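Structure record follows, encoded as structure tokens.
Chain IDs A, B, C, D and E follow the sequence of writing; residue 1 opens each chain.
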Amino acid sequence: MSLVQAKGLEKHYGRDVVLERLNFSVEPGEFVTIVGASGCGKTTFLKMMLGTESITRGQLLVEDKPIPGEPGPDRGVVFQKYSVLPHLTVLGNTLIAEELSRSKLLGKLFGSRRRQAREAALERLTEVGLENALDKYPHELSGGMQQRLAIAQALMMRPRILLLDEPFGALDPGIRQDMHELVTRLWREQQLTIFMITHDIDEAFALGTRVWVFDKWRDDPHAPEAYGATITYDLDVERNREDAPSQAKQIEEDMHS
Amino acid sequence: MSLVQAKGLEKHYGRDVVLERLNFSVEPGEFVTIVGASGCGKTTFLKMMLGTESITRGQLLVEDKPIPGEPGPDRGVVFQKYSVLPHLTVLGNTLIAEELSRSKLLGKLFGSRRRQAREAALERLTEVGLENALDKYPHELSGGMQQRLAIAQALMMRPRILLLDEPFGALDPGIRQDMHELVTRLWREQQLTIFMITHDIDEAFALGTRVWVFDKWRDDPHAPEAYGATITYDLDVERNREDAPSQAKQIEEDMHS
Amino acid sequence: MKRLINLKPRRAARVALALLPFLLIAFVYLGVSNARHAENPNDRLLPLPAQMAETFAGMATEANVRTGSIPLWADTAASLQRLGIGVGISAVAALVFGLLSGGLPLFRAPFSPLITVVSLIPPLAILPILFIAFGTGEMAKVVLIVVGITPFLIRDLTGEALRLPNEQRIKAQTLGASSWQVMLRVLLPQLTPRLISTTRLALGSAWLFLIAAEAIAAQEGLGYRIFLVRRYLAMDVILPYVAWITLLAFVIDQALLWISRWSFPWYHVDEKAAS
Amino acid sequence: MKRLINLKPRRAARVALALLPFLLIAFVYLGVSNARHAENPNDRLLPLPAQMAETFAGMATEANVRTGSIPLWADTAASLQRLGIGVGISAVAALVFGLLSGGLPLFRAPFSPLITVVSLIPPLAILPILFIAFGTGEMAKVVLIVVGITPFLIRDLTGEALRLPNEQRIKAQTLGASSWQVMLRVLLPQLTPRLISTTRLALGSAWLFLIAAEAIAAQEGLGYRIFLVRRYLAMDVILPYVAWITLLAFVIDQALLWISRWSFPWYHVDEKAAS
Amino acid sequence: AEGSRDSFRVCWSIYAGWMPWAYADKAGIVDKWADKYDIDIEVVQINDYIESVNQYTSGNMDGCAMTNMDALTIPAASGVDSTALLINDYSDGNDGIVLKGSDDLTDIEGRRVNLVQFSVSHYFLARALDSVGLTERDIETVNTSDADIVGVFANDDVNAVAAWNPQLMSIDEMPDSHVVYTSKQIPREILDMMVVNTETLKNNPDFGRALAGAWYEVMDHIAKNDEEALEIMAEAAGTDVAGYREQLDATHLYTDPAEAAELMNDDELLETMQRVAEFSFKHGLLGQGAPSPDVIGIETPAGTYGSDSNVKLRFEPRYTEEVAENR
């Protein structure tokens, strides 16, 4: 049974068709990376996966059931921005996942249960290199540090599906490389299914087991809003990693034209 | 005579040393690209060039005179964010440079003078591909479109020095390529001197005639704030473009370690 | 079933839900009013709706013997005129001083502490002083409104100007702007919609000051009328007048909102969700 | 020479500039007051500073023969107590309703239009109804404050809750939060500092309503005293009392600001520049 | 002459005995008399009684309608030399004390009484207490704004008020309210007057003549029961003709100038003013530093009470008498 399935999925905003003809089926454990021109509907697709954007037509199924119309702990997310809670420290932002699931009433842990959760949070924070910034607030962190925190936070919940919207855009190359390794390791260890949007095609090919290119399937210069984007390339990259660079080059050129 | 010169330039925030030992001399027409780890002081350096951040020690000279302590039309800038005026349309944002310099009292042009300025603005907007969005407000544009607008706006003034802080971070690869070409062409045509910060080392090597790497010159784990960053590599890339890829790789590995 | 925070009523349901509390209040009022009238048919405190409607209709149609004008309209015109002049003066003053204070650090240094202190003086406490200084004519009423709301408006606009990203000022200067041009083309247009929204907030206080001033010295005006008939506990006049004031306030509030949305679409981007 | 907008006075200069307008006002007052006293030594309108100081000292040290208490302190204690209770109740109510209204669309649908309308009713106009419902004692004064400022606080908090990026709610839900937990751990902590800052804004109105309430029926209180001595044009009491109220208001305002800065550093990030 | 002017402003506030000013203004009677002496008089209505007196005391107005006690405690005590130009009326039931649940004044003992503190109501309350052997120590007073006293009385926790008309009538209509003492019991003590600045009057006697002439012309309308005049006065008072007549019934309007002049000349006025001064002194109303009740001199035709060197309140029957003689 496939984990996520789309059948003729469409998204319109009023008369604007943003996405259409989306048909795919993703197995558990796949790492899907999504590239595509700015404004083509990648984030919109992610929001539909989250359950915060309604489906105009077609079906989006998770384990053969329609996807829930609201976010839930089974689908973790890292947004382009606003991804951490500004009123919590680094530690607080990481602890909160545990606190919410273990303390239904107050959403806060005390004593030994807190210490336990703290251990787990510390471990994750060390992995993203924030172990020295535990008591800092997000506004005291650089953009890159905030994004690392968001990743640590999302991974605390061990969600089945992880949705990432350009998570590494604000990172410098060194840290970006570390994050790549971290995400890859956690993806393997926790057997996550990941959907990741990126602008960096090399990154898409380096991380994904499957690369999707979103693009308009047909362009009418007189009515640019009449046709939406769909998945124009669906490349299985794990089996033939050697081709990756040339494929990447090919796609980059395609997108540029 | 060199255009910009630094002699023992330093920047401290209280006891934190952010930048120190900065010594360089940049000739007119150079295209300096700056890379370095997040938080190492690249933006701070740009602000000193702008005149909005004070100099703690040393000298920063433009044409052998201390740099003015406030921004001026001789130094254009594109920020990481907040780079366009939210209350003006695309056209308004581009026109405003002409309006400010030609109408001292009202800062607004009317009639034939406006039509003239509009011509110039249109031309620039066409170059950045925004000719179809003239009457849109910034909030109606995608991040990439906003950034392109900021570039068009900054170039309207024909500044001697252009300061760019990660101007292409929000663009997708296709448009990014177009922007690279645009900036290169304008740099040549207008004989600009450009300082550009980027996280993308390939970009730094592709565009710059000179690549600077900012890094701590010495690291004391017990007092991380005691030593600041400086220019650890200063590479002249125009004369030996063929080496660029290997140099880039070398630096990328350096930064990662 | 979705989580409660995700449950959004549709349009029709929203309208129905919005009407609900008003109907409830009307219902409770009717009940209490009827009960009181059953006990004391002359009860003045919570008049029956029919009685209020009759009185109000009278005030809206029958000319006053003394002045020859119809009380409701004369009162409304007088009050709205005072309110308009007072709020208008305040708004212009606030824009000018907010701009200066938000734009020029050298102006802000002496001005901002002063305005902070002035804004803390309760205007009602200095009412006697105002009447003595400005007489009891139209002037005093307008001045009370101006004194009452201008410091608040100025403080808010100054704060807004300071919250604008510094990058905008820098940007404008790199585009060749002088100090004057930065204020004129960067600050002013962005403070204008803020002025409208703050004025909407301040209108409540403006009405309050107007009513307080009219209660003390006036010969027409909504506050005057309420004050006049308060001696007789004529709630059949007071309640419709209060409802009428509330309606006027609501219309003004919404009109300002529409104007602002229409003229400054970029200012209202973030508040779409709030509707 | 830098552009005017870039010229920032240094610390010492800023303090000096801040004092300037106050000295100027004191100077002008002295001049006018002296001139009036030269003409009429009994002038009550603009008393000389010495006279005010004497009267004020008397009110702050001499016990009233009839009540046995010292007027200034008795008035201050009574007023501050009313203000504290009134503002406290308003703040708690606003937090609860702001949270519900900002968090639950189903609650907001009927509640938000109601509170908009209620916030537009001038409370002074419906005093008789408040008297009936809440008596004329301490209760009525507290209620007038509550009725006066709570709708404003609720509207502001609801707006703030709606302005929080939706991403935060979504994020919390992906971390397993229930509706209740989203409100408790995402909205509540972010609304609390906003409540403090809005309460600071509303304190001006709160003082206003307090003074209005004390003017209507009271046996002690700062507003009571001012309105009582108003009939003798005793400006030597009124002016020091107004200054005293302003000082109290200033201290409360700054205390709230400090508390907020200290407890919620993350909330005050953007306003650093504004100081 | 020095200090002579040709334009003046007088103010009045809403009270049964002063409503004739509304008619005098509206019907052009004041203008007519002012024209006769070639001067200009502006008649200003001010809602709030205290504010109107303050306007006079601060010098914004040349004359103001006020009671005898307030004339002493406010302008005179502030050093503004004032002259009672006209005695318009005395309260003959317009002031009253109302109790809930009892029709016996002695039951006021121990109650909390709402009233406008230090006003003529307060004096009236003191007189009432005196009449049943009580003092102010036997009760508590709550300062209450006159406009809100009706609403306050409607509340259960209020069971005693001292008020004047029209509020008194509205309070009387409420269930379980009993008027236990009225100013009928102390006639010719609570006087409503037109008070003008002494110096202004001295320099401009025509100003006094015009006001007196206008006032007694209106009095003629009232004496003749002129319906239109009454209707205008009633409207300005916020009531109807019937309601206004009821208020007038409790007001002894001096429609005959001779009668008013007689009171001004009477010894009784001096006694009344002495009592008022003593009451005011006891409540600290003559100024914080006043050493005795007689610091302020009160001059009446029958003699002067208090300091001769500090006469600040004068009763001047001359203008009333002139009107009487001209009839």
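Definition applied: a residue touches a chain if its C-beta (ideal position, glycine included) is under 8 Å from a C-beta of that chain, and two chains touch if they have at least 3 such contacts.
Quantities reported herein were computed from a predicted structural model and do not represent experimental measurements.
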If a chain touches subunit D and subunit E alike, it appears here: C
Touching both subunit C and subunit D (chains): A, B, E
Copies subunit A and subunit B - rotation angle from C-alpha fit, nearest 5 degrees: 180
Two chains sharing the most contacts, counting C-beta pairs only: C-D
Taking each chain's C-alpha mean as its centre, the one farthest from subunit B: E
Separation of subunit B from subunit E, taking each centre as the mean of its C-alpha atoms, in whole Å: 81
Separation of mean Cα positions, subunit D and subunit A [Å, integer]: 47
Where subunit C touches two or more other chains, by residue: 3, 6, 45, 128, 132, 166, 173, 178, 230, 233
Multi-chain contact residues (two or more partners), subunit B: 70
Set of subunit E residues in contact with two or more other chains: 54, 58, 148, 150-151, 154
Which chain pairs touch, all of them: A-B, A-C, A-D, B-C, B-D, C-D, C-E, D-E
Subunit D residues within the subunit B interface of the complex: 2-3, 6
Contacting residues of subunit A [partner subunit D, same complex]: 50, 52, 70-73, 75-77, 79, 81-88, 96-97, 99-101, 104, 106-108, 137-139, 153-154, 156-157, 159
List of subunit D residues in touch with subunit A within their complex: 165-168, 170-178, 181, 184-186, 189-190, 264-267, 269
Touching residues on subunit E, where the partner in the complex is subunit C: 11, 14, 22, 26, 44-48, 51, 54-55, 58, 60, 146-148, 150-151, 154, 166-167, 170, 173, 175, 228, 231-232, 235-236, 238-239, 243
Complex interface listing, subunit D residues touching subunit E: 40-45, 55, 58, 127-128, 131-132, 135-137, 215-219, 224, 227-228, 230-233
